[in-house]
Each structure stands twice: as C-alpha cells, then as structure tokens.
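Pasting the structures here.
Each of the next two complexes has subunit A plus one more chain, namely subunit B in the first and subunit C in the second.
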Partner chain A sequence: MIEIEIHDQSCRGCQLCVDICPTKVFEYDAAQAKAVIRHAEDCIACLSCAYLCPSGALTHGNYHVVKNFYRDLDFSQKMEKFL
Partner chain B sequence: MENAAPNNAVTVNIEWLSDCGGCHVAIVDLHEKILQVLQSVSIQRCPVLTDQKGYPPARVGLVSGAIRTEHDRHAAEEMRKSCELIIAWGSCAVYGGIVGAGIVHSRREIFDTVYGNNKTTLTHADPTSRVSPFEQSVLPLDRVIDVDLYLPGCPPHPAFVFDALIALVEGRTPKATKKTVCSRCTRRMEKTDVDRIRSASEGIPDPEKCFLSQGYICMGSTTLDRCLSPCPTNGVVCTGCAGATMQILTEPNRDIRTEIAERMSRLTAIPRDAVVREIERTAKSHYSYTMATSMIGEKPTFLIRKWLADAEATYE
Partner chain C sequence: MPTLLETRASLQEAMVFLGALASGIEQAIGESANSISYLAGKHLGMAFSEDAPRTGDIEQALRSVTEILQKNNCLWQFEPFQPHDRPALVETTDAGDQVLLVFRDCMIRQSLFRFGHHQKGSLCNMMYGFFSGALLNIMRRDSTLEILHAGENGCYKKLTVGRTVSADTSLPERG
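Moving on, here comes the complex of A and B:
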C-alpha cells in the first residue's frame, strides 16, 4: 500500500491537500488546525497534494514512480548535490 | 588567526567572488560553535579571517559569489585547482543571486549607471585601473568550474553551514531538507475572501495570519528553507533568497509565479491569473535571486525582458 506521511510541524492547516485530493484521502482536524490522513488506502499516488503543499510537508512512499514528460535534465543531475 | 586544529584536520579554503559578503558573516555568526568546527577543520585561506593570498592545496573549498568579473573567473579556477571538493556556497554562487539581476542589463548600461552618469562622482568615465574587466554576463559558479555540492541561502543560516561542515568531517549526509520557508513559519494559513493583491507597503498585515491569505505576495511556499524562516515570523514577506524549490527547478513547466498563484488563488478570492500578472510586472524583484541560473532564466515561459518592457510602458 502507498505510504503517506504528513510532517506534523510543517503542516500549516491550509487545507489545500484536502481540496485537491481526487480520492478524499485527507480530512481537516479543526481542533489541531492540521490535515490528517483518513483513507490512505484510497491514495492513487497522483502526488497532487505533495506538489501543492506550501510547506513540502507531504511525502509518499512505496508507489510506482512515473517519470514526468518534461524534466530539466541538467538540473535533475544536480539535485542530489543540494545541501 | 591562531588555529588550534590537529594535524589530521580537514583543510578548507574559502573564496569570495562577486557578492555582498554576507556568506562570510554567516561563518562569524557561528559564534562559539566555530570553536567546535575549528577542532576538526583547519581554515587555511579565508579573505575575512586569514592573510593567505594564495591557494594552498585543501580538501574542501567554499566559494561564495557569482562570476561577474574576469578576476572572479580566475579565482574560481584557482579554487578548483587547489581543492578536492568545491561547495557553491550561498545563492550568488548557486544561482547568480542578487548579482545575477545584472543579466537584464548590458555591461554598457551598468557602467553608464555606476560610473558615467553617477551624480556623486566627478570623473564620469569608466575606471581604467583597479576594477577587473567585466565578463560578458553574470554566471553562477557551475557555469565556470565543476561544483560538487550546492548550499544555497542568502546567506545560508549558520545552522546549515555548521551542519554541512560537521557532516563533511564525519563523512555523513548533511541534514538539509527540501522543505520550504512555509514549513517553519507560524502564521495561520487560512482561506479568506480577500479579492485583491496588496503591495508590501499597503496597510498593516495581521501578524498572526499568512501573508498569502491577506493578499500580500509572499514567496515562502516556493523557496527552500535555508534560513529558519526569520522574515515571515518577523512581519516581512519572504523574498525568495534561498532560491526555488526542487519541483520548480526540475520541471520546466512549473515556475515561481504559477506556483504562488496556484496557492494564493485557492486561499483567497484573487484570480490565479491576476497573481501571475502581478509577479510578472514585478519580476525583477521576485526573480532577483535566481534569474541568472539556466534552471529559471531559460524556462521557455520566462520572458523577463518583455515583462520589464511592458512594466516600463505602463509606468505612471
């Protein structure tokens, strides 16, 4: 199953992941003012939430990686060198 | 400077090309932690600390600043020859930084503004000595020499510099994450019915609420956290000094302005397109740290000269 993780300290409670998820994986916890994962089993790994999250608080694991059509190859080779 | 490092210490050369000097101040900002660094690191050459003018052989080279002059190119090449590992240190070395904003002007325009038409100088002529001739354009460090590691930030917070140096000594991967400035900001990010963009000088922003929610263009969500978010937590919008996030740098169809617009239009009632147009109008500010790198400056939709000409034509 696809693993999703919300970095607790980084989540700002903006609810953008709740809005964009096509399969309604997330819910908003008003008491904590943070997003929570309710239905991880429904995740299709479209990664829309990870791209939209302002903090970069969402990470996914154990999913089939589909390479993007357009990549800046020059930079992709440098990415691992960023400290 | 007296250096108490043992004989097996990691030798470090530091060089300063075209930049403001803030990266060097970040070393001083290590305060007493620098003593811990100096236990295992031997700083041989550092323009603000040592009187070493040459380039002794070293394990690690930290190079700050962009390539603007012929001297910068020479110094970068000497660093590459003398150091086993080169770290592009700070946003100027990594992306071109503020110095990189010079790419939108010709050398002639810059010399005319600084020397020829400067109201505070008498000669009104180009300098003939002491100023190194300019390169054709401003370049990030890796356009001139091979770079092994990149540490962006303006300057990188001493915590990241410290961690990078200690990690190199210990032979582990530094802790730097790919999270953004938003990840450490504490303002409440909430949906509002704000329907127009406010300029930074307009009104007094609510100190508890996210700038985007209030209609101020803040670059926190598109900027790497190499700073621990001091600006938004102290009432100033993020200006993007540590450069764009990995998803913007890797994917030509993503950009700083579209990513901010995407989030801002979902948090407020401001249309996405209005945010994009406003950032284009003020592009010289919003892209000032990164426009000299091919990763931003050569995106097919990055039309800064057109945006500047449009802004000029409609200037009141």
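Moving on, here comes the complex of A and C:
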C-alpha cells in the first residue's frame, strides 16, 4: 500500500491538499488548523498534493514512479535490461 | 530489423512531435482538436483490438485492453480502482456501467511534460478514443472516459460503458 505522511510542524493549514486530492485522502482539522490524513488507503500516488504543498509537508512512500521519456540514448541502452 | 531501443526512440520522438502538433492544432482550431485526437485514438483502439475476444464483462474487457496495450508496446499502464466509499468496483448508473481507473505510466503525459503543455488537452482525448475503439470491438458498447484528475505521477478517470449494443454499423461481424 502507498504510504503517506504529513509533517505536522510544517503544515500551515492552507488546505491546498484537501482541495486538490481527487480521492479525498485529507480532511481539515479546524481545531489544530492543519490537514490530517483520513483515508491513506485511497491515495493513488498522483503526487499532486506533494507538488502543491507550499511547505513541502507531504511525503509518499512505496509507490510507482512513472517512467519518464529518455533524455540520453546511451543511458537508456543501459536501462534496457530492466525494462 | 530495428532494435528495441530504436523502436522506443522513434516512438518517443513521434509522441513528442504529436504533443507539439496537438498544441498547435488546439491554438488553430480550438476545441475541434479534441475530436481529431479522439478519432485518431479510436481508430488505433479498433485496429489493435481487431482480434481480441468478445466479452460482455467489463472487468474482462479491461484485462483485454491491458493485454492489447502491452502486446503493442504502448506505455499506457492503468488499473481499476475502488475507493473506500464505493460499494463495488463496477457501479451501475443510468448512464451505464462505471469503473474508476488510475493511469500511471502514460506516454501522452510524458510528451506533454516534455513540452510544458497542459494536461487534459486534446492529446489526452486520444486515450478516450483508444478505449472507445477497443471497447467497441470487445464489448460492442459505446463508452466515455472522463478525466477526473490529471496529476504529475498519475491520472484518475471515470470509464462509463453504455448498456445497449452500439448502433455503429461499421463493426465487422464476429462470432
């Protein structure tokens, strides 16, 4: 399963992650004025929240990193055996 | 015979070229670019799925689409997804049977990023077309693929497969 964490002290409660997440992983905790993770099991690792978070408070683990296009053909030749 | 590396390199170049082309067409003809990309994808989907076995089962049909993509070296990896608040993977609605799909590796997304083009544009409609074409062959149903969310590392889409047999008369008869 994908792992997701909010670094509590970094979160400034802007709620950008709450708004962007397509699967409603987060909720806003008004008492603490911070985002909290409610449904980590629904995270699809789109990484939109991590890209948007102004505090860099979100980290993900155990997810598939999408394959980028090759920049260097020599390098990609070395990669071939893993693909 | 071209090596796999050469094939991949030409595919990549073609995709980057397509990205630029789609962006140019969008600027020139606006929303009509969506139909062009959709039709290109639909033809591709129909051509690739010509010999795929027919089924009325949506999950089986999606497995066939995955196989077709892999067989043709298409970097379009997807999987059905059921969030915690959804009672079933396939939901029956008035519009048809609906499944949520997560798309991970996607050559269209990579070509858009490479060029700095926005997501959900006309080129993304190619995927919608591809599914429409493939599912038309496999299930004899019309379908739509709506982008719910386009992210950096994955996209989230809703596939709706109509419940009545398609009226498309261009479909060849098969057993």
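Following the convention adopted for this analysis, the second predicted complex is superposed on the first by the 66 of 83 C-alpha atoms of A that agree within 3 Å, B and C clash if a C-alpha of one lies under 4 Å from a C-alpha of the other, contacts with A are read in each partner's own complex, and residues count from 1 in each chain.
Here is the rule we go by: a residue touches a chain if its C-beta (ideal position, glycine included) is under 8 Å from a C-beta of that chain, and two chains touch if they have at least 3 such contacts.
The shown structure was predicted, so the numbers you read here are calculated from the model rather than taken from an experiment.
Colleague: In the superposed arrangement, which partner chain does A:V65 touch: subunit B (first), subunit C (second), both, or neither?
Modeller: Touch status of A:V65: second partner only.
Colleague: Looking at A:T23 after the superposition, I want to know if it touches subunit B, subunit C, both of them or none. Which is it: first, second, both, neither?
Modeller: second
Colleague: Let me test your reading of the model: by the given contact rule, A:Y51 touches which partner, first (subunit B), second (subunit C), both or neither?
Modeller: In the superposition, A:Y51 contacts both subunit B and subunit C.
Colleague: Is A:H7 contacted by the first partner subunit B, the second partner subunit C, both or neither?
Modeller: Only subunit B; A:H7 stays clear of subunit C.
Colleague: Output check: A:E41 vs subunit B and subunit C. Expected answer is one of first, second, both, neither. What do you get?
Modeller: second
Colleague: What part of subunit A is shared between its subunit B contacts and its subunit C contacts?
Modeller: 51, 68, 70, 76
Colleague: Of all residues in subunit B, which touch subunit A in the complex?
Modeller: 87, 142, 147-152, 160, 164, 174, 176-180, 182-185, 187-191, 210, 212, 220-221, 224, 245-247, 249-253, 262-263, 266-267, 294-295
Colleague: Which of the residues in subunit C end up touching subunit A in this complex?
Modeller: It comes out as residues 4-5, 8-9, 12, 15-16, 75, 81, 83-85, 102, 104-107, 109-111, 113-114, 148-149, 151-156.
Colleague: Any idea which subunit A residues touch subunit B in the complex?
Modeller: 7, 9-10, 12-16, 19, 33, 51-52, 54-57, 68, 70-72, 74-76, 78-79, 81-83
Colleague: Sort out for me which residues of subunit A touch subunit C in the complex.
Modeller: Of all residues in subunit A, those touching subunit C are 22-24, 39, 41-42, 44-48, 51, 63-70, 73, 76-77, 80.
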